[in-house]
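Heads up, the next two complexes both have chain A, just with different partners, chain B and then chain C.
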Partner chain A sequence: MQTNTIYILLADDDEDDRTFFRDAFAEIKINANVNVVHDGEELMSYLKRTDIILPHILFLDLNMPRKNGLECLAEIKQLEHLNDMAVAIYSTSASEKDIEESFVRGANIYIKKPNDFDSLIKTLNIATTINWQYHTDSLNKDTFLLRIE
Partner chain B sequence: MRLFLKLDINSICKTIIQEQCEKLALEYEILGFGEVNIKSAVSDAKLQELSEKLAVYGIQIIENQKSILIQKIKDTIVEMVFSDIDTTLKSSVYLAEKLNHSYGYISNLFSEVTYTSIENYIIIQKIERVKQLLLINELTLTEIAYKLNYSSVAHLSTQFKNITGLTPSAFQRIIGKRRNNIEI
Partner chain C sequence: MRIKDFVFSSPFLKVLFVSLIFLLLFLSSIIYKNTLQVSNSTKWVVHSYKVHLALDRLMLTLKDAETGQRGFIMTHDKNYLKPYLGSKIKVRSTLAQLKWLSSDNTEQEKNIEKLEEMVELRFGYLRYSMYQDSLGSMNKQNLKESLDTGRNLMDTIEVHANKMIALEQYYLEKRNENYVSKTTVTPLLILLIVLFSLAIFSMAYFKINKDLSVMEETNRQLMITNESNRQAEKIGGFCTWTWDLKTGELKYSDNLYELLGCEPQSFKPTRKSFTAFIHPEDRQKITEEAAALLIENKQLIQHFRVIRKDGAIRHFKSIARTIDHKDKRTVIGIMNDITDQNEANFAIEQRNFELEQINGELESFNHVTSHDLQEPLRKIQTFISRISSNDMDSMSETGREYIGKILSAATKMRTLIDDLLLFSRTNKADKIFEKADLNELFQNSLQELAQAIQEKKATVTADPLPELQVIPYQIQQLFTNLISNSLKYSRPDINPAITIRSEKISISQMAPSEAKPDKIFYQISVSDNGMGFDPQFSESIFTLFQRLHSSSEFPGTGIGLAICKKIIENHKGTIKAQGRLNEGAVFTFFLPE
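Moving on to the complex of A and B:
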């Protein structure tokens, strides 16, 4: 049923990564509606639109031109209408510093981009499923942290 | 004059569903007997309206019935995890007794609807409780493990790491920093 659809937004400047991401969601059992934006500026103007259904989860690349992931995250945390949206950092970096800083600044999920397609499917499946629990059962979003490698 | 009718239930139902969906301007697709895919976004109010319109013809949207039971299962689990109910009972036995259905039935239904299993849901709820207790900062991890019936601290730590990807102490540190960050 429509009420079970998960809205997903990916902000990533790499075209291949965007394609893999979409393809991976096609393999996942969850009924997902995936949208993509290409950089931080486009992301922020998208999230301020009033004619969209806000995503349940935003997958956010850290290294993007124009406005990087952490800058976007800081802005998102200032916007009240985005309180219910989970933010998943989706990055090639696995440095402890990046991970901790992302969480401290308010990210809920930290995903190191997997190297192969099967792991990508698995990773996105875990992230989406757990996030769905938080969404449907109003678990405490403030303490929702998930790190996936 | 007496007429004898040959009824084609399938097309009658199909027509009724078509008419009602069109009245509500829903974009739909009939998938087969007893299954309709609504393609447009539907508000709860609209779904309720459709449900009432169809009820006149004796057609019931069963998703609701299922959701009610799913909600009961979830509530029972939350109650079980958060109120220190007699934990000597196995959770499968407890749920079956409490909900008056066989565990096999509720377990299958749960997996079908929620994208997760009952076992996993219980673990997620337990970790939620662990997080809560960690942040209140009154109990040590050992005491929390004992309180929530883990066989050892190691077992609790492993399960915490499996669910969150973080160790309990990393979790505490991050939330602590985040709170300080907000205060500044």
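Moving on to the complex of A and C:
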């Protein structure tokens, strides 16, 4: 395992989306370690495990069974050891309500799932190469939503 | 207060009446007193007359006696002696009468005593003359002397009697003076009283007459008012009652009985008789509240159920309050049968609830269909993009063509879903109005459309726009939709020119059906030189999914203008479209100030 490897975690209940996600990362020329969980509850128990390396970025789907993305987000922000983890909302919806809610609850970026594969690659590329420190400090409603069509 | 009002006010009338009575009593007592005095005077006249008469009779009797005696002396015929013989008794009774008449007058009493003495003396001489005569002719000298002395005495008596008469006359005159002075005053007084009474009677008559006609008119008005009240109660389905707290008397209007299902005035209005109609479950509460009204003395509104005579349960609303007039306190009440109203309200509420539910369902249906459709569509698009980048080369010509068609169909579906989402978002209730500069919103729209404007070589000119209370993102959407509409339906041979005009107008310039009264509106129009449209479509153009062109000519969803209409409706304005085929279109909307 190399030191400049970037650890990525995706929480999404949709199998196709998980496949797209993995395939996209396979195309991106970076050292990425992609893990996936299938729903909110699995996500939370995974993040509470001690034998894992905490992900740098969590891609969090909002619409999941058992525990949805927003609930998970709220719980994550309560946990101190996850403070350094960037949370990227990764959702089909681009409704004002969802965007505002996740902004208020402390997500770092909002990604609307793109409609074609090339856009997906571009989006994920940007999302993983962001200078998170800088991005988080200057976060506002306009920079929060990442949308590449 | 005006003088007339004061004069006829009842305290004034009371005072006037009482003082008039006293005045009349006073005058009557004076008259009574005077009349008494007049009758007194008359008595004194009679008295004097009687004294006079008695004295005359006395003299006459004496003279008769004297004459009789002379006759006897001359003829010695005993018949002549008759007056002489009876005269003494006559004289004595006359003297007694005189004494009695003058018992209150000492001077006359003395005179009478003196007269009596002289009369006795006269009788003495008479007897003496008779004696001398009986002695025969030798005593002729003595007889003559006696007769002479008698004669002289008689003269003295006459003088004395005359003196008495004069005295009586003097008294009478003195009394008469008094009498005359009073009898001249009395008729004047009576006349005065009669005139005065007449004046008062005519005043009273006038006043009563006037009051009577006023009362008649008031009665007539009252009758009319009563009748119109009765009609109003009947039509309005309400009734009234009054309760005089002083006498405890209750009065019900006719309609109260009818609302209870009874014949008017078919039972005696008492608290008990009404309470019997109140639903047993409401009875206690109503009675307690009514008792509280009497203590707190304010308006009381009650709702209760009534069981009508026919057994039907009706809902009543009652409003009662006390009114004080002088020292009389009365409770007045109005009751409504609100059963129908309640039922209608309930039905409306029910309907509203259902509508809200249906609306909610529709909204969530709209949301779900457009939102949840996105997910599979996105996957289709993504898979196609993967196929087209990876496997296009190994596909046949037809396969590639089909993939292309699937891609364009999916893209079209995407636009449709996005527009539908936008439309459903425009529908939503969470609209926040804030003061916004429409120029700014318009510039934002131009920026959004900058690329399209450039591509079409369009010119956009605009008047200065106002600052209004709006939902900013919706107005921006409105500008975007209208301008992009103009860009889209431009004529290929001519550069699009879009003009935005703004004008402040008052209600009179608008058709009454198009706006609420008393409002200032901004009329903003977006006009172009594009293809325009057939005027017959100027209404239907705003209908959802309504399209005037085939999608091969102009791709579109038919939602854009529907959104515009929705936005304007959200702002309580109106929008209309005017167009002429191949000449251009004008979209005009009105926004309230």
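In this section, the second predicted complex is superposed on the first by the 129 of 149 C-alpha atoms of A that agree within 3 Å, B and C clash if a C-alpha of one lies under 4 Å from a C-alpha of the other, contacts with A are read in each partner's own complex, and residues count from 1 in each chain.
By definition in this document, a contact is a pair of C-beta atoms (placed from the backbone, for glycine too) under 8 Å apart; a residue touches a chain by one contact, two chains touch by 3 or more.
Here the structure is a predicted model, which is why all the values come from computation and not from measurement.
When the shared chain is aligned, chain C comes close enough to touch A:T92, but chain B does not. Ranked by how many residues of chain A each touches, chain B and chain C are led by B.
In the superposed model, A:A26 lies in contact with neither chain B nor chain C.
In the superposition on chain A, A:I53 makes contact with chain B only, while chain C stays out of contact range.
After overlaying the two complexes on the shared chain, residue contacts for A:D116 are found with chain C alone; chain B is out of touch. Common to the chain B-facing and chain C-facing surfaces of chain A is no residue whatsoever. Of all residues in chain B, those touching chain A in their complex are 38-42, 44, 47, 63, 74, 114-116, 121, 124, 128, 131-132, 135, 163-166, 171, 174-175, 177-178, 181. The touching residues of chain A, counted against chain B in their complex, run 1-3, 29-30, 53, 100, 103-106, 110, 129-130, 132-133, 136-137, 139-140, 142-143, 145-149. Those residues of chain C that touch chain A in the shared complex are 371, 374-375, 377-379, 381-382, 384-386, 389, 414, 421, 425. Chain A contributes residues 14, 16-17, 20, 23, 92-93, 95-96, 113-118, 120 to its touches with chain C in the complex.
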